[in-house]
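The same chain A turns up in both complexes below, where it pairs with chain B and then with chain C.
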Partner chain A sequence: MSSTFHGLQVAKRGMDAQQAALYTIGHNVSNANTPGYTRQRVSLETFPAYPAPGMNQAGTAGQIGMGVEASTVERIRDTFLDTQYRDETIKVGYWDARAGALEKMEEIMNEPTEDGLSAVFNQFFESIQDVASHPSEAGSRSVMIERAEAVGNTFSYLSTSLKTIQGDLQKERDVAVTQVNSLLEQMNNVNQQIQNVEPNGYLPNDLYDERDRLLDELSKFIPVSVEYTKSGENASAPSEGVVTVQLQTSRGPITLLDGQNHQVNAISLKTNQDSYVTEIHIGGQSRNPELFPQGKLKGLIEASGYIDSSGDKTGVYASMIDHLDEMAYEFVNWFNDKHQQGVTLEGNKGISFFNDVSQKEGAATGIVIADKIKQNTNNIAAASGAAGTDRQGDGQNAQLLSQFRQNVLINSGNQDVSLDGFYQSIIGQMSVDAQQANRLKSNSETLQGAVEQRRQSTSAVSLDEEMTNMIQFQHAYNASARMITMIDEMLDKIVNGLGTGGR
Partner chain B sequence: MRVTQGMLAANSLKQISNSYNKLETLQNQLSTGKKITRPSDDPVVATKGMAYRSNLSEVNQYKRNLTEAQSWFDNSESGLEQVNSILQRTKELVVQGLNGTNGSDDRQAIAREIEQLKMDYMQVGNTQVAGNYIFNGVNVGAPPISENTSGMIESNINLDPFSIEVSKGIQLRVNIHAENIFGQGSFDLMNNIQTAFEQNDVSSLKDLSTQLDTQISTLLAERSELGARSNRLELIGNRLDSQEITATKMLSDNEDAEIEKVITDLTVQESLHRAALGVGAQIIQPTLLDFLR
Partner chain C sequence: MQEIQTILEKQVTLHKSLSVIVKGKTNFIIKQDVKALTASLQKEQSHIAAISALESKRIAAMEKSGHTARSIEEIAGSFPEYSILIPFQKQLIDIIQDIKYANDLNNQLLTQSLQLIYTELDLLVPAKREDSFNYTKTKNSSFQSNSIFNSKV
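The block that comes next holds the complex of A and B.
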């Protein structure tokens, strides 16, 4: 026999449970636009029935239900999609960093246009040809010097601009490291909060969301794998525990965040005097930048330059700067060499046209016309043959000089190429690299978008759905309340209406 | 699939942003007239473009060189024309002098005219064009012919060819073989004729007359050679013209946008964009909330 007030208790529980569901709907609706928010659902379960089933229970026919209970509030989320999403995010981060760096480089190199290095080469060629056909004319000689100056300035401008962007990328890279470390620190805090709450049987859903959001964020920079360790004591079954984050490298994993011991192993970069990365330190281990896994950080390291395992400077900008230096070096040496073989307007043996450049490194910023040439245009050695004053109309050497683009030989990959060929091939290489980076960036963004769609499809808040649920729970709440009124009437009948016969 | 408001908004935003990107590409093509704005849009077009440009620049330069060569030919030709008149007049005078009717005084007068012609001859040899002595090989800074202190004409001609590159690897000699026309022998001949008239030496005039004929035929030979080279230049010029057209066309085919296609694409894209915006506005707005009281 159940108690008199049984019905009141059942109805009250009903109201409590529907209220919990309504509050959760309120929470969902409020967070409909919160980044990383996962919609939550209250699991409604029937309250253990009376009497509990058993052999010696005082028998009533069947059980009387004791109503409903709001057992847990759970997130609706698919962790498999999280892994997929983060895998794509890693690629997006890497290709985005690379594409961004190459895009700036394309802007600097500015080819093919009327202002790029190859256009300046064209003008220089034309001015030397003019000297070849008017060797005795001071005007055409002056123009040739101006154009040579333009060649030097362009080389220098390109090299300096590339170095400036490289410097910016190095700063961006350092900021990225700081961000990674800060994310790990934040995750550590969230871990601690989770560990404080879970043992009491609570499900800190919003903390889980925060942690997952931080993991999404982190996976832009570096690829990580996560492991969960359950909290002890009275933790409820769906609780997730604290997270341990590891960086997977080709030489085994390195722990970035130890969840149980609340320890963060920060990443730090070791750089040389040019700010090229030489080594990456994490938690007492170090990795060569080459072995560092893909991600935005790797993209930035590759773009801004690092020292590879054989000790060479490598990287998108580093190699372009090197190529320009090599071109400048070969150009100046070839030009000087040929110029020295000529004869000046005054009949003397030719001197160096440009100041000598002794080493490849920095050659692009060191193309300076020799003072003697600048001061006296007659010192341009346009004539060929033996020294003497009777060769003012000889432009044979100038003609030879005008072939600077076809004849300068640069050894590139065991193949001798002309200056023009070399320049076209480095521009070609740059454009192909940029094209690839853009394509893969766009591809990985598309894939990331698709996974994000599926994730949203599972976890995002739908206002229509929440409103429908709200109506549903509201009616259930109202009905429970109506139950109380009904029981009230029933009790009224029992208390005030019974036993009044004959009154 | 379960679809939420947030997803609709995000999708709509993505589509609109994609649409903007396409509009930007087309508008760039329209305003620059180029297919590509950066090399990565099409690496092949970019590197080819660089090669075509330097090709075109070379062709243009060779055309300029060609004009220069033409100017040398024209000036040389007019110099030779003057030499021709001088030699023809001298021939007339020699023929006249051989005539027995001339007295000693007449021959002295002829000698004076021959002297003037000789000086004229020398001046032609020292023709300057834009400050260059065009009949002195590569030694353009110095006059090839001079008068020494005793009034004798001395010719000292530089034999080196003055060449101009008129096409890749093709050098064309633009000066004449001046030693044949303005060599010491020519002036000696004029001098000898003058002396023969002065000394009334009719017997040697006959021999000198033969030498003069040889000189005239040398001149003719030189003129025809110059003409032949001028023809060759013309052929090279024609070739450069067609090379320029080809190079310009290749450059254009390679990187110029087809405007009519771009405009059509742009119009299509604009209407798609409008539709995307319209649909976005329609879809995003209403929720169930709008219909609940």
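The block that comes next holds the complex of A and C.
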């Protein structure tokens, strides 16, 4: 036979449990707009029955239950959706960085417009043609010099602007590394807090939320794999434990955050004097940037330039700057060579038109017209043939010079192409790359949006649902309270009403 | 010539409206609106039928004009009067590429949601096991229930 006050205890447990459920609803509702918040649910269980049924027990038809217990408060979250979301976030990060870099480059190159390099080439070509048809006119000769200056200025403007943006991207890249390291530090802190709480049998749901938010944030920059380790014997079954974060590279994983030992292996970039990334160091291991996995960080490294495993400069901006240097170098050398073969207006042998450019690197910023040409336009070697004769009406060499766009040959992979062809192909490549980056960026954003929606539909707080739950639990609470009143009346009967029958 | 041009014009308009449908499908997939998705699939089917009918008409017209199985670009190279068809061809290529990219995206979106569905379904339904080594080569065609509820148990 159970105790006289048994019912009081059962009703009290009912009130406690419904109250816990109501408080959890309150927590959900108040966090409806908190980023990264996952709705929580109290799991209600019947309280362990007492006493255990046995032979020597007072016989009742069944066992009288001991009421309810609010056992755990759990988060409602689907880890598979988290994985899907993070996979897409990695792609968004990578393509976003790449598309941004290419967009800025397209703005600088500004093709096809009147300010682009090809338009400046056109004008230069026209001015040489003018000299070819009117070789003795000083006017057309000075126009040619001005146009040549414009070519030099355009080359140097393009090259320096590209380098400025590259510098900005390098800064952005360094900031990204700092952000990744700070995220890892924050995650380490949350891990430690979780490990302090879990062995007491509690579920630190809000800390789990915070950790998942940090992981989402981290997956913008680098793709990581996540492992969970239980934090102790006494931790309750649904507890998640501490997290260990690893970076997947093509040469095996590297641990970024060791959950059990609370150790963070920060990422650091090793750069050369031009701020190109040569190696990426993580916790005693190093990888060539080429082997680094996709993500925003990789996108920024690719955009701002790195040294690949064969020791060459690679990268979106690096290759464009190199191409411009190559074009400038070949152009200046060819033009000087042909110019030297000509004869000036005064019948002298031609000299270099531009100052000599000895090496490819930096050639684009070093196109300067030779002082002698600038000082005296007659020094333009428009004529051809032997020196010393009167060459007033001869524009043959200028005619030859005007064909620079077809005749300057640049080695492109396995064959020589003309200056025009080379320029067209690099501009074409740039716009194809930009188009692809933009398309994949918007695709992965759509995919990310779709998963996010699905994730929200499981984990986000639905106010309607919380309202119905509130009514449900409130009714149960009221009913439990009513039970207490009823039991109170029963006890009143025992205390005041019993034993008075014979009076 | 004139005939080919009208056919191409029709093809361009049809592809344009097909591209609108395909892009609409993206939204339906994201919203998981199966009803609307089925409706647009039907529309898409009728478009495809019309397009393939036009395509066979175009081939017939090309044959009639004596340029069997050659691209418009090739013909325009040798017969200048055909060069007015080139803008149509370019437009068509652009639209078809657009449709292809939209379909790629739809494909990825579907793969993504199916991944989720299969992972959740796999938790409920036991997977059929294939014998790795079957020396007797007997066909293992015994009926296996694939429902969530196994009545034999």
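Everything below uses one rule, namely that the second predicted complex is superposed on the first by the 484 of 503 C-alpha atoms of A that agree within 3 Å, B and C clash if a C-alpha of one lies under 4 Å from a C-alpha of the other, contacts with A are read in each partner's own complex, and residues count from 1 in each chain.
Quick note on the criterion: contacts are C-beta pairs under 8 Å (C-beta built on N, C-alpha and C of every residue); 3 or more make two chains touch, one makes a residue touch a chain.
Predicted model, so just to flag it, every value in this text is computed and none were measured.
J.: For the three-chain model obtained by superposing on chain A, do chain B and chain C clash or fit?
T.: By the criteria stated at the top, chain C and chain B fit after superposition, with no clash.
J.: By the touch definition at the top of the document, which applies to A:G393: first (chain B), second (chain C), both, or neither?
T.: Touch status of A:G393: first partner only.
J.: What is the contact status of A:Q84 with respect to chain B (first) and chain C (second): first, second, both, or neither?
T.: The second partner, chain C, only.
J.: Return, as a multiple of 10 degrees, the angle whose vertex is the Cα centre of chain A and whose sides reach the Cα centres of chain B and chain C.
T.: Taking chain A as the apex, chain B and chain C sit 70 degrees apart.
J.: Give one of first, second, both or neither to describe whether A:T458 is in contact with chain B, with chain C, with both, or with none.
T.: In the superposition, A:T458 touches chain B alone.
J.: Just checking: does A:G449 make contact with chain B only, chain C only, both, or neither of them? Give me first, second, both or neither.
T.: Once the two structures are laid over each other on A, A:G449 reaches both partners.
J.: Give one of first, second, both or neither to describe whether A:K163 is in contact with chain B, with chain C, with both, or with none.
T.: Touch status of A:K163: no partner.
J.: Which partner, once the models are overlaid, touches more of chain A's residues, chain C or chain B?
T.: Chain A has more residues touched by B than by the other partner.
J.: For A:A434, is the partner it touches chain B (first), chain C (second), both, or none of the two (neither)?
T.: Only chain B; A:A434 stays clear of chain C.
J.: First (chain B), second (chain C), both or neither: which does A:K360 touch?
T.: neither
J.: Once the structures are superposed on A, label A:R41 by its partner contacts, choosing first (chain B), second (chain C), both or neither.
T.: A:R41 contacts neither chain B nor chain C.
J.: Can A:K313 be said to touch chain B (first), chain C (second), both, or neither?
T.: neither
J.: Which value in Å is the smallest Cα separation between chain B and chain C when the structures are fitted on chain A?
T.: The answer for the closest chain B-chain C C-alpha pair is 8 Å.
J.: Indicate the residue numbers of chain A shared between its chain B interface and its chain C interface, in ascending order.
T.: 449, 453-454
J.: Touching chain A in the complex: which residues of chain B?
T.: 1-7, 10-11, 14, 38-43, 46-47, 49-51, 53-54, 57-58, 60-62, 64-65, 68-69, 130-132, 136-142, 158, 160, 162-165, 171, 255, 287-289, 292
J.: Touching chain B in the complex: which residues of chain A?
T.: 32-33, 102-103, 106-107, 109, 111-112, 116, 118-119, 121-123, 125-126, 129-130, 132-137, 383, 389-396, 399, 402, 405, 420, 423-425, 427-428, 430-435, 437-438, 449, 453-454, 456-458, 460-465, 467-468, 471
J.: Within the complex, which stretch of chain C touches chain A?
T.: Touch residues, chain C against chain A: 26, 29-30, 101, 104-105, 108-109, 112-113, 115-116, 119-120.
J.: Under the stated contact criterion, what part of chain A meets chain C in this complex?
T.: Counting only chain A, the residues touching chain C are 78, 80-81, 84, 439, 443, 446-447, 449-451, 453-454.
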